[in-house]
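Here chain A shows up in two complexes: once beside chain B, once beside chain C.
Right after this comes the complex of A and B.
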């Protein structure tokens, strides 16, 4: 449906693909310290320098596709084939779904970030690096309350996908322009995969292009701790605190709001923990790594690593005014009421 | 010659009522960043009531005293404008009055009239410049060693990236505009263009066109204060450029931080409630 394509946020579904030939393995050694004595490596006040505009787009899926088996890293030939198949799945120029699908895909193609069609340069088959199978760990049994919440969300999604949302509450947070990919963990999507990092003494600030929110991270030092907000002060983007572990910025975020869609994959905000690590690798790249755990949701913690590339300074980040021009909300709802009036609703 | 020039300047300024109200700060040498420029980092907030009205205004009951009582009321305040009043063209003043009358209205049912009604603040739209500076919410200046200075505002999580010594003109219009900065001595001067014409200056309906040009000046005058000035120019709406000024105060509470005022959820019933299935019945 057009609607689904227009709002294709979230994780890339596992792609189907033919088994890949070849056995060559390339082990990925993640660099964990920034080089010394190079101009970009340090701010004048002595912290590793992460300032700049970064892009995290890649076609490498979060989870390893079943078709690649246990292979975590591909040879050059395999990687080329993997990239082609992912590109074919992500690209809208497929011409295999009929005229209506073609038109809808052509619309979406307009938004496609070209960097989104390339796999990571280290040829991994999943962004998840732990567990070793490259997959999100199995779920633990959900409590009856959370099962009920999940069922309500599923019903709202069904109404939305059928073109019959009852109210704005049937829309997800990204469609309502409340939060989008400005909330950690940062995962690549179709467009606007840009982040500008600002630093000042004692602070790192991440400004994702989508939505415009600035994530202000106070940096703890020995003898200079910034206590988290009180537990009754919860936020859409949580409350982040950072510290330097060698040359790696480690960010821990708590105090997420309990609303559906705030934390990853419907985890329990009370027990959800996310730790992110930002490590400058060289002049034009950094490694972004996040570990998520929630004993109420997954059987074990899991970790993903996404390379960020510095983009040309001339390629500016622009304002993403989501709510200010959110014509879609009215369109969807007015359309739904019109369908009901015509008797199209079941 | 020099003496005569000074005398004329003093006479000109003395004629402007706003001038005498300027707080006098003793000479101050600000703390500096490694590049030698003043360090403006911190959380700042204005304590004027210009968001209700840039000009002199009495306390007012607000639009719905029958349900809001004193909760909805607005505070009295003195004008922050040099000379006291905004120099509107006569025809533009009528539009301001209409804005005020329609400030609480919103109708997003027709695309072409999407932005026709209502104060953008009420709809939780990014407030634009200079309004963001005197909203009753704090903001943080993030100044590091890159050629960009970020201002993050608590209201609506609006942000502005000030591009220092940057040549490229605004590529398109934006709610928070296109900000380019430079240092003049210890003053950060920010030239702002490309501001969406839908932003307002206050709840009194004061407005501008797509020709708005704002030049802001941030000058540290003590460890705890920045003097803020903005010159506002828009030949389509005003007869001449005009100027506002007020101090910004450093927020000093222990552990104070910018919190979220993500107000979109507070506007959804107003904007979209009438299109719900419940409302249609």
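Right after this comes the complex of A and C.
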């Protein structure tokens, strides 16, 4: 852990020109955390106040693109160009690239969260801050059982993407409206990047707009620990326990279900652990940082940092009742059987 | 100082774009919906129809239009669109797209050949993008 902290400090030293406040962490967080005499700093019962509706949209990619080399933070000019290029790549209004690209680029920009076309204000080239190369660490060799599971998953994805799903089981959990961005780690996507945080004494609740679940996180106090659930109790969103580390809310989550797609990149739910850190920076910003570790999947833990911006209260949260199964499940399966009937299936 | 990629110039859209796509592919829910799995890239459609209703359901709104055939009969098409939450956030309401409005649909028909399409681009007959004016909505502010 100490080594990790040192590595993170190294990154911060390298980017000290950028207005960062982040994990690297405790010292920086302490320096940038809210002063205690401003109204947003504390709840009436004395905890740091993280409440509000927040948006995490950004075009900054999770992993550093190879084309930017080792550069972790860009100058203003470079950042403007990086943002323009990302915007061009992400735009849903463009119609080039042929029909296959075009059909997958639905729908045009007025349906999308336009905040996703901007890079983070600190001009980083990746959301990952550790390892320092901004990339997800290499995988460890997978056991034969997990290789087999990965192959089955890949085959299901291939059938789905070819328009030939065999059954509902070939649909991922997001497509089936079971979990989407409500499961940690919270990563920005094309829309509905909003999260509402509530607090009460002893609990923090995180309610993502997409899709329909809220994480109710018990907060430990000195002398009052909430042990994790037993190993045999596994949940879609895992089992979260929180505590305050200074002004930072630290949430540790384990006990994810073993179903495909519940944990990040097909990691091993038995050994997978995610630690999230929420630090209020000022009246309108918060740093969200997560560290993922799974010795059965990656050669080392890795950490990403995503700035969250408080949105105007007038821009409220909206219900996201997910109805994908109502029409599209049928459409996909009917389409697949029709293609088989026509002999298009191989 | 310029980044290496700026020296690549036009190569950005190729190598750089691929690198970015790879980088983003690691995210679990970049796109929840592979449209090509449901809609047929070989069946582009351009429809002109009159809105009969719009269902504001997530993750996809559905717009129903009546399309007049060359023989003057009318058939109903279902047009899939994006998430309505973004429209709500931009200030549009359920009354914005009123029944009777004529729209043009540029999209792709479903693979089973039924009268459903994804509304890749939706415009009014005068060429304006449907829901135009949204760029000033709160979604644009940051």
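Here are a few things to note about the model shown:
In the analysis below, the second predicted complex is superposed on the first by the 299 of 346 C-alpha atoms of A that agree within 3 Å, B and C clash if a C-alpha of one lies under 4 Å from a C-alpha of the other, contacts with A are read in each partner's own complex, and residues count from 1 in each chain.
Keep in mind that, in the parts below, contacts are C-beta pairs under 8 Å (C-beta built on N, C-alpha and C of every residue); 3 or more make two chains touch, one makes a residue touch a chain.
Worth saying up front: this structure is predicted, and the values here are computed from it rather than measured.
Looking at the shared chain after the overlay, A:343 reaches neither chain B nor chain C.
Once chain A of one complex is fitted onto chain A of the other, the partner contacts of A:180 are limited to chain C, with no touch recorded for chain B.
Of the two partner chains, both chain B and chain C are touched by A:334. When the two structures are aligned on the shared chain, A:138 is found in touch with neither chain B nor chain C. Look at A:323: by the touch rule set out above, it reaches both chain B and chain C.
In the overlay built on the shared chain, the residue A:223 is in contact with neither chain B nor chain C. Within the superposed three-chain model, A:199 lies in touch with chain B and out of touch with chain C [touch as defined at top]. Of the two partner chains placed by the overlay, only chain C lies in contact with A:105; chain B stays clear of it.
Set against each other, chain B and chain C differ in how many residues of chain A they touch, and the higher count belongs to C. By the touch criterion defined above, A:89 lies against chain C but remains apart from chain B after alignment on the C-alpha atoms of chain A. Overlap of the chain B and chain C interfaces on chain A: residues 177, 211, 318-319, 321, 323-324, 327, 334, 336-337. Against chain B, in their complex, chain A makes its touches with residues 43-45, 49, 51-52, 166-168, 176-179, 196, 198-201, 203, 205, 207, 211-214, 216, 218, 226-227, 229, 233, 235-237, 316-319, 321, 323-325, 327, 329-330, 333-334, 336-337, 340.
Residues 33-35, 41, 108-109, 111, 114, 120, 124-126, 140, 142-146, 148, 150, 152, 157-159, 161, 168, 171-172, 174-176, 196, 255, 257-260, 262, 264-265, 267-268, 271-273, 275-278, 280 of chain B touch chain A in their complex. Residue ranges of chain C in contact with chain A, taken from their complex: 1-6, 8, 12-13, 15-17, 19-24, 26-42, 44, 57-60, 62, 78, 80-83, 85-90, 107-108, 110-114, 116, 118-122, 129-132, 134-135, 138-142. Chain contact summary for the complex, chain A toward chain C: residues 61-69, 71, 74-75, 78, 81-82, 85-86, 88-89, 95, 98-100, 102-108, 110-115, 118, 126, 136, 160-163, 165, 172, 174-175, 177, 180-181, 187, 189-192, 209-211, 261, 264-265, 309, 311-312, 314-315, 318-324, 326-328, 331-332, 334-339.
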